[in-house]
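Can you keep this structure in mind? I'll have questions shortly.
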Amino acid sequence: MFAPCLEALHRKKPMIHAISNYVTANDCANMLLACGASPIMADDPGESAEITALCQGLAVNIGTLHQHTVPAMIASGRAANAKGIPAVLDPVGAGASKLRTVTALQLLREVRFDVIRGNLSEIKTLALGSGATHGVDADPGDAVTGETLPAAVAFVKAFAARTGAVVAVTGNIDIVADGSTAYCIYNGHPMMGRVTGTGCQLTCLTAAFAAANPGHLREAAAAAVCAMGLCGELAHRRLGPLDGNASYRNYIIDAVYHLTPEQLEEGTRYEVR
Amino acid sequence: MFAPCLEALHRKKPMIHAISNYVTANDCANMLLACGASPIMADDPGESAEITALCQGLAVNIGTLHQHTVPAMIASGRAANAKGIPAVLDPVGAGASKLRTVTALQLLREVRFDVIRGNLSEIKTLALGSGATHGVDADPGDAVTGETLPAAVAFVKAFAARTGAVVAVTGNIDIVADGSTAYCIYNGHPMMGRVTGTGCQLTCLTAAFAAANPGHLREAAAAAVCAMGLCGELAHRRLGPLDGNASYRNYIIDAVYHLTPEQLEEGTRYEVR
Amino acid sequence: MFAPCLEALHRKKPMIHAISNYVTANDCANMLLACGASPIMADDPGESAEITALCQGLAVNIGTLHQHTVPAMIASGRAANAKGIPAVLDPVGAGASKLRTVTALQLLREVRFDVIRGNLSEIKTLALGSGATHGVDADPGDAVTGETLPAAVAFVKAFAARTGAVVAVTGNIDIVADGSTAYCIYNGHPMMGRVTGTGCQLTCLTAAFAAANPGHLREAAAAAVCAMGLCGELAHRRLGPLDGNASYRNYIIDAVYHLTPEQLEEGTRYEVR
């Protein structure tokens, strides 16, 4: 089911404008190159909209938020909306500071995001207007388990319906939903949490899948989440006894580089709710 | 003697606010994750104090100094002081430009740093008010040898006494001292100087050790310096014939990921003066 | 012919001031350390000229251009000119936005660059005053083939004559020329395009070669381009079946770390036109 999404990505090689953060920008760029897309990073208000207009997708990430970059994010978001290309929001750390919460909410008001990807604490913050995000990680109380999954799915669908976006909540179990249908995804490995920026990279990967599959955003986002999780599993199997989180980081990107549509099709583990 | 410090770090998993630089921020984040801590990077004056207040430790690094970030550094330093959590200063390149020297001195005046970590040229600059740092490396005339060690130890203790901070001077021989006692540490490998940001990473590691051992800052800082040096040695032994400084960089972080309290206890080489 | 250039670089270990971008700064720093140089990154107008004056070479890169950094670029360029040390320009994405085009042209007016390195679309933009760069990659119509090589060589020589700079155009076939002589270089591997920042890294490597060989800038720039391409080949041979672009990135830097003058001499493939 997701194989055609990856085939389209490999075939179309979309150019993605990423307004990223300085901690993970390099990994984001290499992740985009790994999946066959082409990255361009630009966050000065004097050029950001023009750069977006060259591209087939936009990813906006507030991971090291600077107030003077917010106008660039808005201008690029509007340029993406005007051109009709997918815009993806990663509200990193929304709930951890007022600035991040307020900025994420402002972005949601001024730009129509096609996909929103974050952890459950971040997404709850967007939905409720305030939150208790544990730094850049989800609050431990927000872990999704088998027991809390139905409520989480209902919450994600409702937020998707309200915003009109596909919402991708990643965690122990990932949930990708629009207002009507949710994919619950079981791929991934806990060690991914020991590599900085796997969420940021996934956001870029999601923008690439969405850019290549603009008519099927829910499937595209779910394919990206499955691909990232599966590559986390494949990379984990490759670890030698001395390999730690730095080697793991490289192996995850390497795995995306080699990922085939067939591998993705066979390796995904999800259910539809 | 340092094993309990690492045990506490693994157990407490402190969240560390790192105001880093854009060259080494990714490695700093992965180093913090490797040792069991959790990183958050934020350097906008509009949120930095609030982010610090969420954390158990703060690391401030002036490696790619921007004037508009200095208020964020001061606000975060004061928030750390107010909350009573360890604040660590890395005065990268103090002595190499007036801006860095003046900023480092300003930070020392406005914030009470619990640990200051730098090379000897940087620390001399702080102590004397001006310096001759060789870019971001120590001036060759500032190399610590067996012969110059006693004078260097006396200098570091005096500066520690004057500032009330634990001072960690890293180089060929590392010196970690408060006003009364110095650890002279012989771990490490010269090739670490061929990897960018090993100093920045050590500063973050020091903040993590300090955050997990707030009652024993001198031991915590010495444990961090020993751990970094030991992991430099372990990673060097792992190098294959084609591995250079890029692979070495990954292996050092990998070694921290796997470092056990027992390994640290057995592998440290130091004397107390 | 290029062996003495690398020998000089290994012997002199120049300090290079890199005004880079936040996507590739870490790789640029490790590339400089790999070749034996010493990097310092600084882009605040309050210190940039002072930092340049400490160094033996300057590399200016507009990869994530911020308007407030432009004065730092100009001040550093003038400091390099005043001191008589090589200044290298990498006009990343010139032609992709007005801001980048205008800034690159302004830099060319206000600073005398000794070497300009970019892809053909970027260099055409500088020559013609406007362009159609495909994001940060060359426009596909600008690919240099055997057929278009003579015209491309003539164009590069003419632009070099007009600017007084050595011009290094990298692509499928690389061209390094001053007004009279061009090296056409056949080293490299297409997979280098799947690693972010190989161009940025080459610009820094070029600054290092130029700083160590200030009397032979054309040879120095050609040696840097050959070295980067050759290391791309060596690193590609090292790839295992699971290695992708992330491991490749490390292996390229590793290969530069180990590159000997003899290897460079034997491995280069070029012709003089």
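Observations on the model:
As written, the chains take the letters A, B and C, and residue 1 is the first residue of each chain.
One rule holds for everything that comes next: a contact is a pair of C-beta atoms (placed from the backbone, for glycine too) under 8 Å apart; a residue touches a chain by one contact, two chains touch by 3 or more.
Keep in mind the model is a prediction, meaning the values are calculated, not measured.
The rotation that brings the Cα trace of subunit A onto that of subunit C spans 120°, given to the nearest 5.
Interface of subunit B with subunit C: the two copies contact each other largely through different residue positions, with under half of all numbers used appearing on both sides. Separation between the centroids of subunit B and subunit C, computed from CA atoms only, is 33 Å. In subunit C, the residues that reach two or more other chains under the touch definition are 22, 26, 249-250. On the subunit B side of its complex with subunit C, the touching residues are 21-24, 26-27, 63-67, 93, 96-100, 134-137, 193-197, 242-247, 249-250. Contact residues on subunit B toward subunit A in their complex (touch as defined above): 15, 20, 22, 25-26, 29-30, 33-34, 38-44, 46-47, 50-51, 54-55, 238, 249-258.
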